[in-house]
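In the two assemblies presented below, chain A is common to both, partnered first by chain B and then by chain C.
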Partner chain A sequence: MSPFELSEPQTLQDAVAMLDASDTGIRPIAGGTAVMLMMKTGIFQPDRLISLRGIESRYSEVSVDDAGDLHIGAMTPLRRLEKSEEAAQAAPVIRRALRRLSNVRVRNVATLGGHLAHGDPHLDLPPVLIALGARALIVGASGERVIEIEDLFRGYLETALAPDELIAEVVVPAQGTRRATYMKHTTRSADDWPALGIAVSLELNGDEVGSARVAIGAATDTPRRLKSVEAALAGKALADETMQAAGDAAAAEAEVHSDARGSAAYKRELIRVFTRRAVRQIMEMGTGGAV
Partner chain B sequence: MGGQKKTIGFTLNGRRVAADIGVHQNLTEVLQEEFGLFGARESCGQGLCGCCTVLVNGIAVTSCLSLAAFADGADITTIEGIADGETLSAEQDAFIETGALQCGYCTPGFILMTKQLLDENPDPDDDAIMHYLSGNLCRCGAYPEILKAVKLAAQKRKAG
Partner chain C sequence: MAGGSTTTVGHSYPRMEGRAKVTGRAEYIYNMRLPSMLHAKVHRSPISHGRILSIDTSEASAMPGVHHVITGEDVKKVLPEPYYGPAFHDQPILALDKVRHFGEPVAVVLATDPHIAETAAQRIVVDYEELPAVFDEVEALTSDVIVHEELKPAGTFADLKHLAGKRDTNIALDYHLQHGDADKAFADAEHVFEHTFRTQQTMHTPFEPMVALADVRNDHATVYSSTQGPSFVRFELARLLGWPESNVRIKTAHLGGGFGAKVYVKVEALAMALSLIAHRPVRVALTMEEQFYTITKHPSTFRIQSAVDKDGKVIGRKCEVWWNGGAYADIGPRVTQKSGFTAAGPYDIDNVAIDSYALYTNRPPAGALRGFGIPQLVWAYESHTDIIARELGIDPIAFRKQNILRNGRPQAVGTIVKDGEFEAVLDGVAERMNWNRPFDKGSGTKLRGRGVGLGFKASISPTTSSAIVSVNADGSCIVYCSTVDMGQGSDTAMAQIASEVLDIPIEKIRVVNPDTDVTPYDMSTLGSRSTFHMGHAVRLAAGDARDKLHAMAEEVGMPEGSNAPLPELFIRKFGMRAGAIVGSANYIPEFSPPNYDTGQSTNATPFWMIGATGAEVEVDTETGQLTILRLVNVCDIGTPINPIVVETQISGAAVMQLGFTLTENMVIENGQLTNPSLADYKIPGFFDMPDTMENGYIDAVQENGPFGAKGAGESGTFGVSPAIANAIDDAVGVRISEMPITAEAVFRALREKQGKPLEEN
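Up next is the complex of A and B:
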């Protein structure tokens, strides 16, 4: 790797102060699993990295507040999130999705904040967090702001974060009786990056869908909601025709791109099939509380 | 080479050590170049194969994707550090007894991940083993023997 300089601030505020809105050669590093890959291949050659590893430990914690909202510090390693009982209670889909995200060693090190700020459309948690209606607390030189995860992604490896902003925390709102699932289809090994990732969250009223949130990753240029699918599900009976219509709507709405894991045409079929399967899976979870 | 230097101090296989490194160097490089430890070796370079596995503060990491600068103050264990003198660890013994290797290039990573797995789950079934070791690749294809080795290591650890 090309040489660079390294700063190791002890607070989030100091880290933000070391970033520079006008200098993209200065970048943060958290777990570093993605940044190291980019540096090794020479795609990314920073002048200076700002390590976030020394910042306050509260940014590595997972907790649930009185309202039932799940707070995940941005520096929380994915493996800690996977093992968190608080997270498993609040939104079990997160743990299930994490089991097939890369491997144990990468999850030991990679952080949730880095996972999101990387902006790669192939990652697993963006669609999950979008379907759960999660938001991010962002800290920058000019103060704090909150952004919905669905508004975070702007393009391939591009996010709404300014170069001098950092994700401090992710908040997953209390899910109540909503149930969610994440389906990942890989065309290589089971824990590879997906050819398609799809997350569906449904509020059920008996045998009818109250409201739906649907998001996909890996097939489009950014992780994104599929609002036509949500509309096709809302207020409908949980029947085969509903699932069929949802699948067709998903295949029609998504602007699909080819990549090394599948052609656009193949991925469009995957979207049709996996939308159907995801809705069916939630239906088959039964009524045993929030899942 | 150039670039910023840093002096790091850490515990390596139970011994306090220090090294002057470039902040852009990865941990695999530093273990090899500064300490002559070649058990962790870079193979895929992408975190997929597990050949460069080391334990940092008791947690398995991909050392070729870790900046050596982050090892400052840490407790690092490599494959060279898990035997007790001439007495091999339960995991090492189990891999030898089951013949769970051919060329041996991936074996240090498999053994360290096995140790970590058994620390978390003393009695894993085949699914748990395959899930946990999915990030370790054996190009000789010794996977059936590796499954046996992990289960034998679990028995050996229980027998103490």
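Up next is the complex of A and C:
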């Protein structure tokens, strides 16, 4: 690893000001779990890192507003999010997904903002947040903007963020009576990056699906919604055929590639199975409020 | 000597270094720095096979802070024959003329700042003429690609004296065993079975990577190394330098794991050569990633055939084993031979033919790794044995017991088995698994199965251990031996033995870290040989000191059997608290070398190590995903010196083999290793542990062992892989014949069985 300069701004505004869209040698660092790996292997050799650890503490907080929307500061460590009762109340699927995200050492330092801004498709929360309809507040030199999480990912390690923009906060809208689940599958060790992550959020009307949001991660180039699956679920009875159809639609829609975690053919089968299982799991959760 | 009541030996004393380790105070060579030392960073070959046309070091040399840029030709100027290796002198300190595997060291930058050294190493430009490469061990047997134009046997070890220099072949060693008449057995057989099994390339993953700091001054070299074999490193460096061994000093500390990665010369020769050239101390410290290019576990292919009579008795077995040794032989030829002769399994088979080949390929070198080839063999012969039992409709344990090797019978190598409790070990597993009770096979998409695997290993022989035991005038004691404690608890075991013999409390015993200027010769810490060999040497040395103490007591007029404290004895003899009583001993077991043509030996090993595993698994039939519900490991380790350390050795060995069975795999594509990091080379984590794991050993006595003990470091690895494959077959009726057993491999086999094979991509 080569030497580099480290800047430690005390405010988000200062941090943004230190970034330079024209200089790729200057990059922000939050928890550092991904950046350090890239630096160790020599893929990335920064001249200067802008550490975000010193910025205002409100960017590390989790809260619920009057409308019931969940606000998660971008610098919130994943472990704090996992422990947050506010988050567990607002969207229990977040805590459940976090428990199996990498390992506790990584969760202690990795932040939600870094997790999203890295743009690695093999991460767990992007599909979860897409299924929950979450959005990100982005701060840059030219001001603030809001972007849906589903619009954040543009390609492998590519996001809609400009080099001089930072994620400040993630907002998960109130889920009402929707229920969500996340299923992941690792093909090597248990704490490996997943070969597949499927997040499903359903609005149920009795034994019928009202609306569905389904997102996939890890198996595809970017985390994304699977709209054919959502269509296969919307308005359908919660029966075996519906789950089967959802699984088949997912396997058909998702564009997958072979890699070290499995062949494309195998991943298509995993998608079919886990989409079906995810829908079944929501059905089996019963009707007891938001989960 | 076994049995009887002991006060220290046989008790679960806590590890002597345990507190220092868990509080972060233990010393490791990796943390060591020497005044005015330079950091070395290696430039490695990006190709698998090629001629070096030129090396341009100008840009690297010009970088501020760079002291030297050194190539193989520079090494040759100070060491005219810069090749090393325990079996063949085939490995250059830095590549000369050719590179033979990706990741081979080609040049080195020395700088005061390791970051500068690393950056400069990347700026070395090497021009290669790329040559065709061979990666597969079976292809290497007949390939036109020749990895070494000439083979140069080292002639170092008694058991490898027969290695011959050969030209134009990739065969480093061929080992053949003939026991009875295998061809006739196959002609007479009622049933004949043939299967082929393969294993993948894996790595030891010691958490303290290989490291050596060398300080060569005038005519004296001191090397601090995280090595398992300080005596051998001294021997080899002295040979390279043409110096007496007394001018070369190797010092070690506790090792952060070894597992066979740190036997023989690894980075020590390079560090020594660099210090010789730079006239300053040099630190060569590999990264975790670089270890993948340094030493690995042999990939293997094993074709096994059995002849079985109408009663289910195995009457003949033919074994052909190809070992992928990579570009440099390291200790691969011994793996081929030592492991080769047990390739037919722990069974009493009258007619056995074994052909075992160590092959050069263009992969990183392969050497010893916890089990020394045995896990590759057991994977094949216990999978094969299970298939036969199932096809004959015989219970897998009953079939094994019908054919099992028993004490008093000759093993295929011609040695009569003594103190080898094969059946008791198998029974131990069956009992713990409640084998004869009904088993819940699961339902729906979650199906369950169970399986066993039984393996064994001969100890490396003949090898020597030496020890010195010094009793101080205050009654405390220091043990000097070159056994390296790399986490296996040998310091504690040696202290217990000295304590037992001398009747000195273990708290008053210190075991010195190996230092070749101080601690006497030991062959190496490998092959689970230390408890037996060094255990004997320490026992004898302590006995020698005890006899001298008795003589001294007599001399000063103490009555025989006096229980006067030791300090009083020293005061009576020397007039004050002064002096030391020193005992010493060499130990070498008896051995008969094998006949080259038949492989037969009347005494091939001082002891047999035996281990069995039982596995209960659950298979998710929709994904192929495997859950290990239960893993039972039972071994014959004789009588334990320290029971709790033995149990943790067995569990550690089993978990390590679990990783090799399920997840670990060095993936090579287009001549490149695609996953040389722990991010993508997956060792098991806590969540990969079996839901339940039991580790134990049977009541046994190794009659010729120290206090009835024998080695215990590897036996837990033997049965794990086939037990899991056999359990999968029991659960869902598919057979996996290639490691690692991935969920996708199981899923593909299931689809194949359903007549709906999954497309390739």
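The definition used in the following text is that the second predicted complex is superposed on the first by the 291 of 291 C-alpha atoms of A that agree within 3 Å, B and C clash if a C-alpha of one lies under 4 Å from a C-alpha of the other, contacts with A are read in each partner's own complex, and residues count from 1 in each chain.
In the analysis below, a contact is a pair of C-beta atoms (placed from the backbone, for glycine too) under 8 Å apart; a residue touches a chain by one contact, two chains touch by 3 or more.
Computed from a predicted model, the values in this text were never measured in an experiment.
Of the two partner chains placed by superposition, only chain C is touched by A:42; chain B is not. In the superposition on chain A, contact is made by A:3 with both chain B and chain C. Once the two complexes are laid over each other on the shared chain, residue contacts for A:190 go to chain B and to chain C alike. Of the two partner chains placed by superposition, A:57 touches none, neither chain B nor chain C. Of the two partner chains placed by superposition, only chain C is touched by A:273; chain B is not. By the touch criterion defined above, A:265 reaches chain C but does not reach chain B. Touch criterion met: A:102 reaches chain B, while chain C stays clear of it. Where the contact sets of chain A with chain B and with chain C meet, they give residues 1-3, 37, 103, 189-191. On chain A, the positions that touch chain B within their shared complex are 1-6, 8, 29, 32-33, 36-37, 39-40, 51, 53, 99, 102-106, 108-109, 189-191.
Chain C contributes residues 115, 118-119, 122, 289, 622-623, 625, 663, 667, 674-675, 677, 679-680, 682-685, 687-688, 742-744, 747-748, 758-761 to its touches with chain A in the complex.
Contact residues on chain B toward chain A in their complex (touch as defined above): 1-4, 6, 22-26, 45-48, 50, 53, 59-62, 65-67, 69-70, 113, 116, 131-132, 134-136. Across the complex, chain A meets chain C through its residues 1-3, 37, 41-42, 103, 185, 187-192, 258, 260, 262-266, 269-270, 273.
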